[in-house]
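Common to both upcoming complexes is chain A, partnered first by chain B, then by chain C.
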Partner chain A sequence: MVDFLIGLFLATLITALFTSRLYRLLFWYSLNSLTLGLLALVIGARLDDRAMLLTGAVTILLKALAIPYVLKVLSRRFGLSRQTPPGIKTQYAIMLVPAILVFTFYLAEPISHMVQGNANYVAISISSLFLSLLLMIEHRNVAPKIVGFLSMENALFLLGTTATGGMPMLVELGIFFDLLMAIVVINLLLYREEAEL
Partner chain B sequence: MMLFFLLLPPLLMFVASFSRSPWARRLLPISSFAVLIPVALLFRLPKPYELWGRYLVADDLNTYILLLSSIVGIGVTLALLTLDRHVKISTKALYRFYRFFGLFWIGLSLSILANHMGIYWIGLEMATLSTVYMIKTNRSAAAHKEAWNYMIVGAIAISLILFGIILIYAASKPILGEQAMLFDALLIKAREIPSPFLFEMGFAIAALGMFVKMGFFPMNLWLAHIERASFYPVAALFSGILESGVMAGFFRFSRIAERVNYDHLFFFVFAYTLLTIFIVSFLIFRAKDFMRLFSLSGIEHMALIALFWVSGGSFAALLHFGAHAFLKPALFLSTGVLESTGRYHFAGALRGYTGLRGKLFWFLVGLFMLAIVSIPPSPMFFSELYGFAAMIDDAKHSRHLLAMLGAIALLLVLLSVIFYRFVAIYQSMKYEGEAEPKKVYSSEVLALAIFAVGLVALLLPSSTAFLKGIG
Partner chain C sequence: MIGYVATIVLLLLLAPILLSFIKAVKMWLLYKRPVSLLQGYRDFGKLLRKETVVSEEASAMTRIAPFWVLSPLLVALFYLPPIAKGAYYVSFVDAFTLTGLLALSTFFLMLLGLDSASSFGGMGSSREAFISALVEPAMILTIFSVSMMAGDLGIGQAGVNLAEHFPREHTASFLFAAISFFILLIAENGRIPVDNPETHLELTMVHEAMILDITGVYLALIETAASVKFVIFASLFASLFLPFGMEEAWLPAAAIFVGKLFAVALAVALIEVNTAKLRLFKVPNLLGIAIVFAFLSLITYYVLGA
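On to the complex of A and B.
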């Protein structure tokens, strides 16, 4: 089940990289967050870790439902372009994504025996981080950059869950708080953008 | 209770920002001054002093950094009183600036006092996000672009720090459990970490994030452009509080990394800072406006602090750190007046001042300009002497003596380039150009005077004894 969810997490992120429509991008982000939340719930249930169960539930509520919804509302309110063509052509991105995956598996190889649990999960977390960075870099529009930033948070969350067996609850809550603050700041930035137009 | 009093001034600032009364704004410098009371009390309490369990612990190092950042906070609050007289800003935007300044200050106070890697990161992230809006207060296209740039690159830097923290936590959790998040617990058990490679990888990634945040290679111009595009108090906050918060984390992480493998730590930081100073010195040579000049000089100083710290010159690093925390915000705040007759005019910037306030202003700014390039009796002169002595001492014990001495000589050459440029600019400011009249306000002179008193206080025997005790 964990393998399936991690695979799905990676697949949704890769699909988001090739998406050229804003709402579709938000949908893939939402699905990406949902798999992350479910993953935390599954691992939390297996380890009988109540903090991780709570984190998983908050992830689903906040990242899979609330944030994509708020971003959709904001994009409508400020009339953001719904066409978000990636800057890197699909044929090159198809080569780049596997290259990143292979590179991160190679990078994570020396630490494979040092982490608790499955080392492949760590490799996938690191590759997700790089793919999120790629999502931020390859788009000129603001909205996909925001989604890239949020996906990066997801990748770090995955790393925290898989490499350490869960970060302390205090840290998880702090990250959620910062995420909410990021949305407020993004709203303000967009608001100003509209005011200037 | 102590924590509440420490956070009260920024909290008051946050609350006052919702009021439209001009009195609220005028009272803020007084409430900011009040932060010195709990900080002074903190100095007298036995250390380590637990402010919030083991999560927030005050020791000599972070109390010192907290004092520096509090004084910068006071100076910036004073300078903000006249921001709308130097730049075009709406009342609404100004109050919103105060709101985010309050959040920024809270975030960094938490980061500075944190004994917990997670809280350190949360505070830093909070400060980063609040800065984005402070940059955007300037309603120009350049500021808008730079606010997004800061949001994106800042987010990448902060993510690198969290990434590093997770790896460090993963490396230490087998022996420390959830306590692997605590700096003091990690420091005690540093030599027993079962996977040092994983720890070092985490440290390197976290340090890279911190370096990017401070504008080190390859992001030198990124920070300079952002500071150029935003209003001048943002740059003062960056150099005086944000960089102090980031550096506080670097001090803590590097102390642990030092026990894991000192050679790796030293060569990583040495190579990185040398590369940064190499690039920055040439950028300073070509700088054509005050903001970029001070910003790039700030990067050079932060690189020197990191270098002195890992070379074993902790006294030099802390003295340099204190001097930088006072000098750089003072210079950034003075740009409001210096640039009042044109952004890109060095020539004549120190001329045209009349009255006591004006004369005091140019005198203090002139002193700060010369003090920043370590002309004695600037604290930076002494810190660099001690710092280079520590580096040479370190080189003597190294297996690569000649390479180390060569690198130190290169560093001195680069610092000479910066010295030459600053002295040339000072001469241009004082002796060239037209003497155009400039308006200086009392609050600005008071802010500069506070920084000047702080600089003098750093050289007092009791202060130097305290700093030597921290190392």
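On to the complex of A and C.
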């Protein structure tokens, strides 16, 4: 089950890399967060860790529902362009993405000996970290960059959840508040950009 | 033995029904009165009764090719994985043979398109060549990676192995292979994001352009080939990527299998309703994504073992 969800996580991220529409991108981000939340719930249920179950539920509510919705509302209010063509052509991205994946899978090899439990999760979360970096790099518009930033946060969360068997609850909550702050900052940024136009 | 023959007859009988089912679901979702599920048979009967007209410019190829389009697909039908346990015959063919048979059928379809000497036929053939050239590598990679997970290169044995002990530790790479194969299913059968089977607009035709001036019995053969191709892909998807329900007796197992085929058809219909057709020059991007997922499936299997 965990393997399936992790595969789905990576699959949604890769699909997000190839989309050129803003709302579709938000949809894939939301699906990505949903798999992450379900993953936390499954692992939490297995470890019988109530804090982790709570984090999973909050992830689904906040990242899979609230943040995509807020971003959609913001993008509508500021009239952001709904077409976000990637700066890197798809033909090149098709070669770049497998290259990144192979590179990160081998990169994670030495680390995986240090982790107890399943070492694959570390490799997959590091590769999704790099892929979200690519998502930020390949777009010129603001909105996809924001989504890339949020996906990067997702990848870190995945690393924390699967590699360590659950970070302390306080850290998780801190990250959530951080994210909310980030959304507020993004709002201000968009105001600013509108003022300059 | 009876089960084996009955399976093939069942698949043949289901082939037109599945395509009519996709059409019916689409019409129902668009608030139209859906077509009957037996529409495929009605069309077939009507085409058999119609006069067969062959263009003056056409060579003997037009008379030969329709049979060659259909026969490799019928052969491939015999090599599909069995649908119940304790099957009479488990085929030994691997990914290359199956892809080769499908490519042979496509080759004769393209020749048929070129033969009528109309500009549409040539255009359709060139587009079909363009798409199927991109489908093949991804198809071989995908089936190869599934065969690796199942521990047998033969498609039939791979299906049996997957149903008997599903590789739980490889679920992630299994999922990537499934995504890739589903994109290929859509591309190879000319469903909506790649080709629209219902339109006759010159900008969008691929499959229809090739068979534009085929009539009568030959058209019936080509239409049958299209539906058999869909059923081949759907049953490959059902037995390789949804491997459950095979340990029952033959009849319940067959019922579950038919249910899976209809589920695949439903998924295709939902995608058709929800997406617009891609521009022809964007199709390589979609197939590129299929190749990425197929490659990802192999590399995840080898490097991570996940």
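Following the convention adopted for this analysis, the second predicted complex is superposed on the first by the 197 of 197 C-alpha atoms of A that agree within 3 Å, B and C clash if a C-alpha of one lies under 4 Å from a C-alpha of the other, contacts with A are read in each partner's own complex, and residues count from 1 in each chain.
Basically, contacts are C-beta pairs under 8 Å (C-beta built on N, C-alpha and C of every residue); 3 or more make two chains touch, one makes a residue touch a chain.
This is a predicted model, so every value here is computed, not measured.
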Inset, instruction - Applying the touch criterion given at the start, work out whether A:Gly174 contacts chain B, chain C, both or neither, answering first, second, both or neither. - result: first
Inset, instruction - Please name the chain, chain B or chain C, that touches the greater number of residues in chain A. - result: B
Inset, instruction - Could you look at A:Asp3 and tell me whether it touches chain B, chain C, both or neither (first, second, both, neither)? - result: second
Inset, instruction - Once the structures are superposed on A, label A:Ile94 by its partner contacts, choosing first (chain B), second (chain C), both or neither. - result: second
Legend entry - Contacting residues of chain A [partner chain B, same complex]: 110-111, 114-116, 129, 133, 136, 142, 145, 149, 152-153, 156, 159-160, 163-165, 167-168, 170-171, 174-175, 177-178, 181-182, 185-186, 188-189, 192-193, 195-196
Inset, instruction - Using the touch rule from the top, collect the residues of chain C that touch chain A in their complex. - result: 168-176, 179, 284-285, 288-289, 291-293, 295-296, 299-300, 303-306
Inset, instruction - Please give the residue numbers of chain B that touch chain A in the complex, ascending. - result: 55, 103, 116, 118-119, 121-122, 125-126, 129-130, 132-133, 136, 139, 141, 144, 147-148, 151-152, 155-156, 159, 162-163, 166-167, 169-171, 173-174, 178, 181, 194-195, 197-198, 201
Legend entry - chain A residues touching chain C - in the complex, by the definition given at the top: 1, 3-4, 6-8, 10-11, 14-15, 18, 90-91, 94, 97-98, 101-102, 105-106, 109, 118-120, 123-124
